[in-house]
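Labels run A, B, C, D and E following the written order; every chain starts at residue 1.
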Amino acid sequence: MIRVAAVTENNEKITDIEISEVNFSAYKWWWIDFSEPTEEEIKQLDTSLHFHPLAIEDCIHSLQRPKLDYYDEFSFFVTHAVGAKELEQKEIDFFIGENYVVTFHHWDSAEINQVWSRLLKQEDINEWDEYRIFYEVMDKVVDNFFPIVYHLEDEINEVEENPGDKPMDVLLDHLFDLRHQLLRMRHTINPIRDLFYRMLSSHRLEGIRERREYFADIYDHLMKLSEMVASNREITNDIRDNFISINSYQQNKVIQVLTVITSIFAPLTFIAGIYGMNFVHMPELEWRYGYHASLAVMTLLTIAMILWFKKKGWFG
Amino acid sequence: MIRVAAVTENNEKITDIEISEVNFSAYKWWWIDFSEPTEEEIKQLDTSLHFHPLAIEDCIHSLQRPKLDYYDEFSFFVTHAVGAKELEQKEIDFFIGENYVVTFHHWDSAEINQVWSRLLKQEDINEWDEYRIFYEVMDKVVDNFFPIVYHLEDEINEVEENPGDKPMDVLLDHLFDLRHQLLRMRHTINPIRDLFYRMLSSHRLEGIRERREYFADIYDHLMKLSEMVASNREITNDIRDNFISINSYQQNKVIQVLTVITSIFAPLTFIAGIYGMNFVHMPELEWRYGYHASLAVMTLLTIAMILWFKKKGWFG
Amino acid sequence: MIRVAAVTENNEKITDIEISEVNFSAYKWWWIDFSEPTEEEIKQLDTSLHFHPLAIEDCIHSLQRPKLDYYDEFSFFVTHAVGAKELEQKEIDFFIGENYVVTFHHWDSAEINQVWSRLLKQEDINEWDEYRIFYEVMDKVVDNFFPIVYHLEDEINEVEENPGDKPMDVLLDHLFDLRHQLLRMRHTINPIRDLFYRMLSSHRLEGIRERREYFADIYDHLMKLSEMVASNREITNDIRDNFISINSYQQNKVIQVLTVITSIFAPLTFIAGIYGMNFVHMPELEWRYGYHASLAVMTLLTIAMILWFKKKGWFG
Amino acid sequence: MIRVAAVTENNEKITDIEISEVNFSAYKWWWIDFSEPTEEEIKQLDTSLHFHPLAIEDCIHSLQRPKLDYYDEFSFFVTHAVGAKELEQKEIDFFIGENYVVTFHHWDSAEINQVWSRLLKQEDINEWDEYRIFYEVMDKVVDNFFPIVYHLEDEINEVEENPGDKPMDVLLDHLFDLRHQLLRMRHTINPIRDLFYRMLSSHRLEGIRERREYFADIYDHLMKLSEMVASNREITNDIRDNFISINSYQQNKVIQVLTVITSIFAPLTFIAGIYGMNFVHMPELEWRYGYHASLAVMTLLTIAMILWFKKKGWFG
Amino acid sequence: MIRVAAVTENNEKITDIEISEVNFSAYKWWWIDFSEPTEEEIKQLDTSLHFHPLAIEDCIHSLQRPKLDYYDEFSFFVTHAVGAKELEQKEIDFFIGENYVVTFHHWDSAEINQVWSRLLKQEDINEWDEYRIFYEVMDKVVDNFFPIVYHLEDEINEVEENPGDKPMDVLLDHLFDLRHQLLRMRHTINPIRDLFYRMLSSHRLEGIRERREYFADIYDHLMKLSEMVASNREITNDIRDNFISINSYQQNKVIQVLTVITSIFAPLTFIAGIYGMNFVHMPELEWRYGYHASLAVMTLLTIAMILWFKKKGWFG
């Protein structure tokens, strides 16, 4: 679908025009949105709008990395929006020219739909122009990163506190997935953050300098997000190291129990084995208190060993 | 609560005025403090003081990261103070303008209360102005970080030396919490440090350049704090690696004991088992010294194995 | 083989000339390709083209690292192409001068062959010159890195998910090889990326500045590749740490089983051993329900220990 | 103690003056040393010398980090000297002004005592001035770092080679202490190194630029020290990883022995147990060669298992 | 030994002069080589050549780190050559002045000997001067690093593939040594690389700028060497992590075998123990098929446990 919104010098909004019919320089500013465009519609990027073939190529192929290119006639900006449910990265492309912005996205973008309706509803659009559109969309895109990172943060806390007493291999698998998702968020957030830094200090984007505070506010959020992601990755590192340390400690405790049991019963069982032998000539067997003596020896041996292990600290 | 302190050209302090009634340009300089403001009071930021909506938004939402924004009429500075007990981060916001400072905080701030009373008590306030207020508050905020970091340092030492002989899983959990707290301190201290660096070299904050040595002194403390936090995190790393190494070494020792016990008694018990069999035809059983011979064989076997383990170094 | 393509001012292509006969300044621009040259042919670099001996030396010795040198008369660029099958690094050298490009490679280069045929087929070569040749070859070289990195990514995923249930030592060996290959890709991609950065900001390569968008597009791909490699190395790190963690956890479980078994049967077997002794005077042996009493004791002991281990969480 | 040394225009040394009586501008240059000053003496920093209160504060509180502050009238430099025995950090403060240097230290400083006596003994002090004093002291301070780092290096080598065959937990504890000491040396050396870098490129320290080669020589030593510390920390890392690897390998060997012993004797003892049962009807017991047959079966089983373990490589 | 080579304006070589007799400004350029100089000869640095005492001090003390100092009259360069056999670092010092180069080395330097004989043999030395000497020596010094790094690379491969099936503790020790040697190579190569970078962009070394391509070629080799060392250290890291992972995996396997053996034979031996008891009243003992029943129970138990372990995957 291609949507056209053109604004006249009197701030009247015109939306019932076809991209192929329009005379663009006749308007104060205009916005064209390519939402899930067909192949036929995509061709308009070239035939009606005459964008540079490399920029068009970048539009068509998705999973381009976030980037900002300056062409002679326009600036080309690629961002990633992230779908909350599956963390799939949805690319949104912006062409920003003298008096226009063109947005392009292969998926239906909730962020753009919101801005589109807000523009249509808004009565006084005196303050609006193509950079305002760009700001409004990016503000929503970046705001949508927060619940995702907060959610990951919550899941990390849950892994750490483990309220459901899940076994450690399940926790470790979960932790591994969380690390993977943090890595993906980092690859989305950090390049966009760096591009906003470039934009804020660029001399080519007039409209951004005029709204410096607004774009700096988005940059601020990106900085905060980037720090949250880095610090959460560090925390997952700590959690894993902690799991390993505690597991290794518990293993040591279990091996100590094993050693105590074996050390106590091996000699006792051996003594019982001695007097279970069937030699014809075994004097002890005929002693009056031979049995009691053997039990006494075993008891003393047991006590001695328990004391020794106590001293070694192998009881608990 | 909103407190207003205005200073006349004759250095007289006036504190019994309402924010909504005051004519600000009539004073040499003034300070307004929003301490735990009600929603009604917060509106004064806009209605009486006419600050930029983005700055007001940053005031209202807490847990903004430390930052410094230059608006046309004022500079906006966000810092984090840290409560000693629970390490909760309390945000303090400063609006610094031509002849005023406005402080804003959702919590009761001990630092600001101290400076407020000092200002009221001070007789000669010739040397004071809005930047002095800013310096005095930040000096206290940063000084309050030291006992926290020193306390963490002490706890790390206690974990390392373990005077109460706590079991290792308790120590590791403690270490993990300490690392977490260090991480939070780093996220408080490092951005403030970087903002002070920016302030010291900025051309927009006249009053800071005039008091360069004072603000450089705060920056110095922030550098020291940041180094202490980094180095303590490194030390916790070392402690944990050490715990793991020593635990792993001890485990090895325990397994050696287990192996020695098993290795000695398994063959002895087996020999006893042989002569415990009930075959009708077992010539050894009827030998005169069969029993003694079997005991001798067992003794020799034991000695041989002990020597072998001594050679292997498995006795302690 | 040496191939010569010279283009006249009328954009006519001339390819039937010998390197030694040609008068280079007579053409608008020209391209000479040394493909798997003989020692005799290599000498032409010096005798016909008079390149600097250090540049010629760098041509002859392969496995030079990617680099860009500015000589007085020409720029010298070394890149690595990578063969998809065995990841062997094939060096391609470019001499780019006023109106010419010379390519040199000890192996048959698919990338250069493609560009060569495209040049010959192309009817309108108005837009072509020596920098266009350079762009076309590098575009193909860099595009060929993608399938390799995607393939490594797939293999990493396969190791992680382990559909064929391979034993862990095989997986770890595979992971180690993948890390090694990623390291090699990094050593190919990162220097080329850095050289493109230098080229894009250089004042000496006129033809690159004119086609800025095109070379920036290649640089973009190199950035993306470099990030993919870095992030995949990080993921292999995570996978290995995960394997080790889970293995260590499972080992703990197995040792718990071992301990439970030993702890239950050692005392039972010891009791059976006691009543297997052959002392003449053992009153219990003659009791009416001695046997049943001993079985009862053993059963109670077993139940007690099972309850104790349940409490310790060593069942499961 | 406060020592005053003033040098006249004729290069005469005057040392018998009190700080409170002296007219400083009457001399070519002068040096005042505060060595373990009393509280009364410390006040002279303010009353006689009129230094800035922040600089005086930094003097009084020790464990200030190494730093360099430019005040209007003087430069203030804080360094750490390190006592060879206990690695305690002793702070030395320098005030360097137009024609004077003031040194301040709470402890007795061997470095300063040496320079003081050398100044007094020196006959021709034509070449000396306040920067020469600064150079001479710092040269000694930095030279004194070398034996400490060399000593740590030796101890690391001793831990690695372990000539006294100490148990690993002792070695690991030692290694941990060495890492701690290296960390402290890094925190002493690196800031001083960075300050020297700043000094060498500063436009405010005339006297340093004039003696550039001398101060560059100290900077050189600090670079070397910093590299030695970094590289030794890396080596301790390697040693610890090596210890852990080898311990883990040996543990594996011990567990193999345990498994071999258990695997061989468990079935043998079981067979002996079978024929130790007291069933009335056990045909094998009455066979003529039952006993010998059972021994033969056990022998074969033992041989089979030994061969199996040999194949598995579990015999050492 | 001190060797003097002076070149006249007519490019005649004069080598039969004593350092103390020569009038240096009389020649086009000259080279003096101090090879394993005696204490007497070292004094010539001061008495005949009048070099700065700090530079002379750096000559005399070896194991100075590679460095480049600019003195008023000359540049002073310290490099490390590495002896192939024992990786001992041999220092070579260069004084490069207006029309001379002085080389100084406590050991016999193959690199310098080669250049010296080449200079003497060379007929046309029109192209030679003091910078050419410097280039020729450094070219050889750096070329000699390659076989060393290649050798380390080969040894790392050998450790990884372990053709001689050495035990892991030997391999780990070898790996540790290799890491140590790589660290030493890094400390030799990286500072020299950084110095060449400084030289190439310096405005003080006229003769280097004139031969830019040549010195850039050496810099290139140093970059390549530095990357090889870094990447080989990373590979040794990977190898060690791999060894530890695989060892840990194998340990798990061995413990599984141990558990299986113990789990199967412990209950069987216990049952045999039961019927080995000597109670007078044990009804089963008199059953006609008691023995066979007991064997059947044992067999069933064994089968059950084998199936259970199969399900657990503990059979290999």
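The rule is simple: a residue touches a chain if its C-beta (ideal position, glycine included) is under 8 Å from a C-beta of that chain, and two chains touch if they have at least 3 such contacts.
A quick note: this is a predicted structure, and the numbers were derived from the prediction, not measured.
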item: Topological distance between chain C and chain D, in contact steps; value: 2
item: Same or different residue numbers at the chain C/chain E copy interface, by half rule; value: different
item: Rounded Å distance between chain B and chain D, as computed from the means of their C-alpha atoms; value: 25
item: Inter-centroid spacing, chain C versus chain B (mean Cα positions, whole Å); value: 40
item: Interface hub residues of chain D, defined as touching at least two other chains; value: 244, 248, 250-251, 255, 258, 262, 266, 269, 273, 276-278, 282
item: Chain contact graph, described as a line, ring, star, complete graph or other shape; value: ring
item: Ring walk, chain D to chain E and onward; value: D, E, C, A, B
item: Sites on chain A touched by chain B in the complex; value: 213-214, 216-217, 220, 223-224, 227, 231, 234-235, 238-239, 241-242, 244-246, 248-252, 255-256, 258-259, 262-263, 266-267, 269-270, 273-274, 276-282, 314
item: Contact set on chain C toward chain E in their complex; value: 52, 54, 64-65, 67, 69, 71, 167-169, 172-173, 176, 179-180, 183, 187, 240, 243-244, 247-248, 250-251, 254-255, 257-258, 261-262, 264-266, 268-269, 272-273, 275-278, 282, 284-291, 294-295
